[in-house]
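In the two complexes that follow, subunit A is the common piece, with subunit B as its partner first and subunit C second.
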Partner chain A sequence: MSLLAPPFLYLLAAVLIPVLGSRSRALLLLLVPVFGLISLLSYGYGNHLVIPMLGFELTFVRLDKLSQIFGIIFSIAAFLAAIYAWHVDDKIQQMATLVYAGSAIGGVLAGDLITLFLYWEATAVASVFLIWARRTPASYATGMRYLIIQVLSGVLLLAGLLLHYNDTGSIAFDHLGLVSLGTWLIFIGFGIKCAFPLMHNWLQDSYPAATVTGTVVLSAFTTKMAVYALARGYAGTEILIYIGAIMTLFPIFFAEIENDLRRVLAYSLNNQLGFMVVGVGVGTEMALNGTAAHAFCHILYKALLFMSVGAVLYRTGTSKASELGGLYKTMPVTMVCCLVGAASISAFPLFSGFVSKSLILDASVSNGYYIVWFALVVASAGVLSHSGIKIPYFTFFAHDSGKRPAEAPMHMRIAMIITAVLCVFIGVFPGALYALLPFEVDYKPYTVSHVLSQMQLLCFALLAFVFLMRNGLHPPEERGVNLDSDWVYRKLAPGLMPAIVNAIASTVTSAQSSAKDAVVSFTRRVAGISRPGGILSVNWGVNSMVLIVTVMMLIVLLFNFS
Partner chain B sequence: MIADQLPALQIVIPMLAAPLCVLVKRSNACWAIALVANVLVVINAFALLHQVRTDGVIRYALGGWAAPTGIEYYVDTMNAIMLLLVSFISCVTLVFAYTSVKKTVVTGKHYLFYAAWMLCLTGLLGISITGDAFNVFVFLEISSLATYMLLAFGSDRRALTASFRYLIMGSVGASFILIGIGFLYAATGALNMVDLAQRIPDAESQRAVLVAFSFLTIGLMIKAAVFPLHGWLANAYQHAPIAVTAFLAGTATKVSLYVLLRFFFSIFGPNYSFGAMLLNVVLLPAAIVGFLLLSLVAIFQTDLRRMLAYSSVAQIGYIVAAFCLATQSGLTAGIVHIINHGIIKTALFMSVGCIIYRVGHAHIGSLDNLMKKMPLTVTAFIISGLGLIGVPLTVGFISKFSLIGASLERGWWMVGALVLVSSLFAIVYVGRVVEIMVFRSSRTDTPEPTGMREAPMSMLVPMYVLIGISLWFGISGSTTLSVASEAAAALLGGYQ
Partner chain C sequence: MTDKPAKPIDDKQEYTPLAKRFLWADSSSAVERVIFYLSVTCTVLFVLDFIIHRHAYAPGEGIPGFYAVVGFVAFTLIVLGAKQLRRVILRNEHYYSPFSVDAENYPDAGLDKQQYQSSVDDTHDVKREGG
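Right, the complex of A and B next:
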């Protein structure tokens, strides 16, 4: 029985992958989330599978409403990704997907910090294979950077939990709060995975570098596991509100000027995480409900957007806005699904984003965070612009690129349609989602004032977009747009907030480049002495070795005599 | 009856196997003799460990001569662990050696190879079991001389210079140890370790004891390849026959570390070694700089064996740093890592051996897409590589976890932090190789080498035995941790 608990089930299936045939592997990938979900729901609330390990009692399944909703949505995401990746015939990617999804579920079910850490590391190691699986030199470098940052987060978590254990003698994973060095380290560890501002670069770096299907998988788990961990350990920590507000705002500028659509989505992922982090920071029942609900909806519509852009990439070989356009003619299903995803992320009424985001917005207002509320509203307008309009517009409409790719393959279409239906279903019947939330929900999303204010916001943002496009002020979609090259910003026509964009961009760029220079020169020096032939790894002759012995002897004697 | 003689049998069996090999001379027969002897030794060591854990310390007077006159074998949990580790790793690598030696060592000299192997094993076991300081030196010389010979069997001619370098450095180290023991004898008039431990507190003020301590420190640091006295190691590991490298990587340096423990903790006592002698000022920085720098150096290596060799020095740094904590949990962490690292590093060198056996070299850049051709070997490399990094559920994690825990407990959180930094380096050097082996597709311009298939079973089975054990120890960490903490308690408790 215990082997069938959700995390173990996934790991067990991953072990089976190498010995199975191609079709049965794809089928296994599809079935595991289903059985995992059944097995998850069969547990009652409380702690299960308490196993003594490393001299501690480790709780492998701790089920309450908070972990349950994350467990459910992770299972759904794994299932949808499996349909979408039906065509993939790569044992390594399939194993990595199973281990990754399994450990993410294991992470949210973990009842203590050590178990959490075990899965925290496992997600890092498993997910990097989804990036490396693209098998390009660039993806290798990106994967390595990604891995180091992810493991760094794990390392901080480990250091923090040991300090915390030394302080309190407890490894329980409950509310921690920022009370000691240990909990601060854990907080930063969570923050890296949650892509806090200035710790966020790994996300935009790695997600667009993964395989078509890998990105869909990646987008679901790592960051949301971190959101869960924050909600569990740091609910009501005020600093999170401001971190979250910054997270919602700053990616907008970058998303607006970015050309690679998968990178745009990565930025908007970052921005959406901001909403959840604000919810955690406010920390009231309503806010935490909002965070959980938003994570739930967000996984679906973000997966949907990544799927549709991925389908385009799969068919055309590019995801650059400048090279796409006019695809609605031959990819209508993908286009419709993309629009559903766009409407959901922009929080149109009757789509899923609306019913979850308004919980967070209302929670921030009702607790008196008006400035934060305003920031979130501005960010919502930004979301509409870069994810809601830019993605579908430049892919499927805009100027005709002349490309006439075939419609996405059948299994991709099925995956996208199911996801799209779920997005709409949640938007129309929010009660189903609300029933899953951690706390009692007494909230009506569809009141006149809600709908009206949201529609006003959306209409004005739309209007602004149309105005900018008409007057040629919208940042042009050009090849080679790249954060580190400042000519992009200089080519930006004087338009909406050019001064702000320029100021932010140039500070970031100059800080980045000077930091980069310092790092590069230091690395060169270190590499120089470490390389074969460098002083540290050259074949030391007998003379020099004996010399070192003598010197060491002198040092030892010196210290011992003193 | 036989149960009383176990300590002697532990040494006598391999020692007799060596001349037997020379007499028999036929390659396969020699291998069989060595293997049988080795299996017996493993069983014997297992029995000893069991005996020690149930009945307590065993003191065995060799030849019936009681302690101060004769040589005494002294077995507590600490050296019972070492005996089991050394004989078991030797046994597994001996199985592994069967095929690879046929390819690398000149056919007519196989009997010498196995004889040297048995002598080396005798020496290593002898160092671990003996309770007599001078006897340590004798066995050290036996194992070292045999090691020089084993190293020189490498097919590469550079093996000779590597062996010669090690001979010089090893002799310097051994003479330092001998001088140290000599000074101790002069100061206390005792060679038996238990007697030494009793008499040193009275003689502490003598300058001779101090000099003895310094000589012993340096000598043991050379033999254990502690940074910056590790210069001999990389070449030796790279050019020796790979089975020998696998054997030595798991045992030789570990046994020297054991002697270090024995001298610092049982004989001199932690208060003297780490209090009066300020060993922390010398040994701890050396260990820390060692594991940081050498992990870095490992990243840039182009030869797989050399990369692993530098990583070994780095891992020894972890172990020494753990000793320097001089607490119960610190010693436990160090001892656990001796066991764990012995197992993973041997497995890693075995997988490299499989690669060399089929591919003919271990140049990292040319191992692209090896996963397709040798999936089992590469999988073994990945699993043990993860252990080296210290990913959860591998033995490396148990080590890392207990080491960091111990350093935090002592309040040296910087040490813990630096260990974590260094484990990030390990990710890079292991990850780099894994990426090349698994993901990089074959270059088209080079012709496919012929005979690129999975390594023979005789090499895979011993490798996977080790990996199985490492996974078992990794998942149920309490097995090794409890034994190691008993050993640590025995060391800190001094001689009864």
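Right, the complex of A and C next:
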């Protein structure tokens, strides 16, 4: 039975991958999430699979409503990604997907910090293969950067957990709070994976470098596992409210001018994480419900958007806005699914984002965080600009690129349609989602005030888009790279390296030469006084020799006198 | 994988029924009509704000037109702000090469490119290289 627990089931299936044929592998990827979900739902609330190991009791399955909802959505995401990746015939990607999804589920089910750490590192190591599977030197370099940062996050978690254990004698993964150096280190470890401001660039760097299907898989797990970990360990930590508010705002500007649509979506993912982090920071039951609900909806619509842009990449070979446009003519199904994803992330009423984001906004305003609430409202208008309008408009409409790609393959269309239907279903019947939330929900998203205010915000933002386009104020899509804080470790530090090396080298060289000069001049002096006529070459008489010996004996006697 | 044999598809009759429903997007008069409907919707929503009492939590939220103004102004400032940001941070696609994927083509082995032939001139192929 224990081998069939969700995380182990995925890892067991991954071991089978090398010996299976092409279609059986694709089928396995499809079936494992189904059985994983059944297995997850068969457990009752509480701790299961508590295994003593190295003097610790490791809890591999801790099920409560918070871990359950994340386990469910991770299983759904793995299933949808498997449909989307039905054509993939690459053992490395398939194995990586299983280990990665299994570890992420293992991470949210972990009942103690050591188990969490094991899965935390496993997600890092497994997921990098989805980037390397692109098999170009550039993707190798990108993967290395990704791996270094992910492992750094794990090392911080490990260091923090050791200090925390030393302080408290407990490895339990419950509420931690920022109370000691150990809990701070764990917090930063979580923060890296959650893409806190200035720790975020691994996300935008690596996700566009992964394979067409790999990015869909990547988008679901790592960051949401970190959101779960924050919700578990740091609910109600006030600093998270401000971190989250900044996260919702700054990526919008970068997303707006980014040309690679998969990177636009990565910035947009970062912005959506901000909403969840604000929810964790507020920390009330309603706010945590909002975080869990938003993570659930977000995984679906973000996967849907990555799927539709991925399908375009799969058919045209590019995901750059400057190269696309007018694709609705030949990829209408992909276009409609993309529009559903865009409407969901923009939180139009009747779409999933509306019923989850409003929980977080209401929680922040009703707890008196007015400035943060206002930042979230502004960010909501920003979401419309880059994910709601830019992605579908510049891909499928705008100027005609002349490209007439074939519609996405059948399995991709099926994956996109199912995901799109889920987005609409949640938007229309929010009760189904609310029933899964960690706390009792007493909330009605569809009130007149709510729908009216949201429609005003979005329609007037659309009007602003029309105004900007008409007056030629909207920035055109341009090829290029936009600098972000990763410039520091990708360009500045490597650029400074030669100067630092040169400085060290020249210091060493000058020290060596001055030492050499000193030796040479000393040797010359010794040679000078040893030459005929020099002080050392003088013939000494017996009398003076006796005098010298007497003086030396006297010195020896004096030193041994006491 | 190689491209499938091209077939002309700019004959609108060959589009799928779903695609045909969106052909208005290429007609400027239809787009004008859509913009007109959007303007009407916005006007109605704005007027409704004076009629329906919205439940307000934050100071200022209850002022009629609050969300309309915030939506329009925030969107405009974000886009114009991003435009200024681009002047500072835009670099050539090869800036990080060869250690980034920005300038490389996605390897064909992972794709199944299928392109129908088009009669539209591919004139905007390469825009200004940033720098």
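Here, the second predicted complex is superposed on the first by the 482 of 562 C-alpha atoms of A that agree within 3 Å, B and C clash if a C-alpha of one lies under 4 Å from a C-alpha of the other, contacts with A are read in each partner's own complex, and residues count from 1 in each chain.
Assume contacts are C-beta pairs under 8 Å (C-beta built on N, C-alpha and C of every residue); 3 or more make two chains touch, one makes a residue touch a chain.
These numbers were taken from a predicted model, which means no experiment stands behind them.
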Touched partner set for A:147, first subunit B, second subunit C, both or neither: first
Touching partner for A:339 - first (subunit B), second (subunit C), both, neither: neither
Dominant toucher of subunit A (residue count), subunit B or subunit C: C
Subunit B versus subunit C as contact partner of A:318, first or second or both or neither: second
Partner chain in contact with A:329 - subunit B first, subunit C second, else both or neither: second
Contacts of A:135 with subunit B and subunit C, given as first, second, both or neither: both
Partner chain in contact with A:125 - subunit B first, subunit C second, else both or neither: first
Partner chain(s) touched by A:462 [first = subunit B, second = subunit C, both, neither]: second
Partner chain in contact with A:34 - subunit B first, subunit C second, else both or neither: neither
Which of subunit B and subunit C A:377 touches, first, second, both or neither: second
Subunit B and subunit C footprints on subunit A, overlapping residues: 133, 135
Residues of subunit B that touch subunit A when the two form their complex: 165, 168-169, 172, 176, 210-211, 213-215, 217-218, 221-222, 228-229, 231-232, 234-235, 277-278, 281-282, 286, 293-294, 296-297, 299-303, 306, 310, 375, 386, 391-393, 398, 401, 404-405, 408-409, 413, 416-417, 420, 423-424, 427-428, 431-432, 435, 438-441, 475-478, 481
Subunit C-touching residues of subunit A, taken from the complex the two chains share: 87, 133-139, 141-142, 205, 208-209, 211-212, 252-254, 256-257, 260, 313-319, 322-323, 326, 328-330, 332-333, 335-336, 362, 365-366, 370, 373-374, 377-378, 381-382, 384-385, 397, 399-407, 409, 447-449, 452-468, 473-484, 490-491
Of all residues in subunit A, those that touch subunit B in their complex: 18, 52-55, 92, 117-118, 121-122, 125, 128, 132-133, 135, 140, 143-144, 147-148, 151-152, 155, 158-159, 162-163, 165-166, 526-527, 530-532, 534, 536-537, 539-542, 544-546, 548-549, 552-553, 555-557, 559-562
Touching residues (chain side subunit C, partner subunit A) in the complex: 4, 9-10, 15-16, 18-19, 21-23, 25-26, 35, 38-39, 41-42, 45-46, 48-49, 52, 54-55, 57-59, 61, 66-76, 78-83, 85-86, 88-93, 95-102, 104-118, 120-131
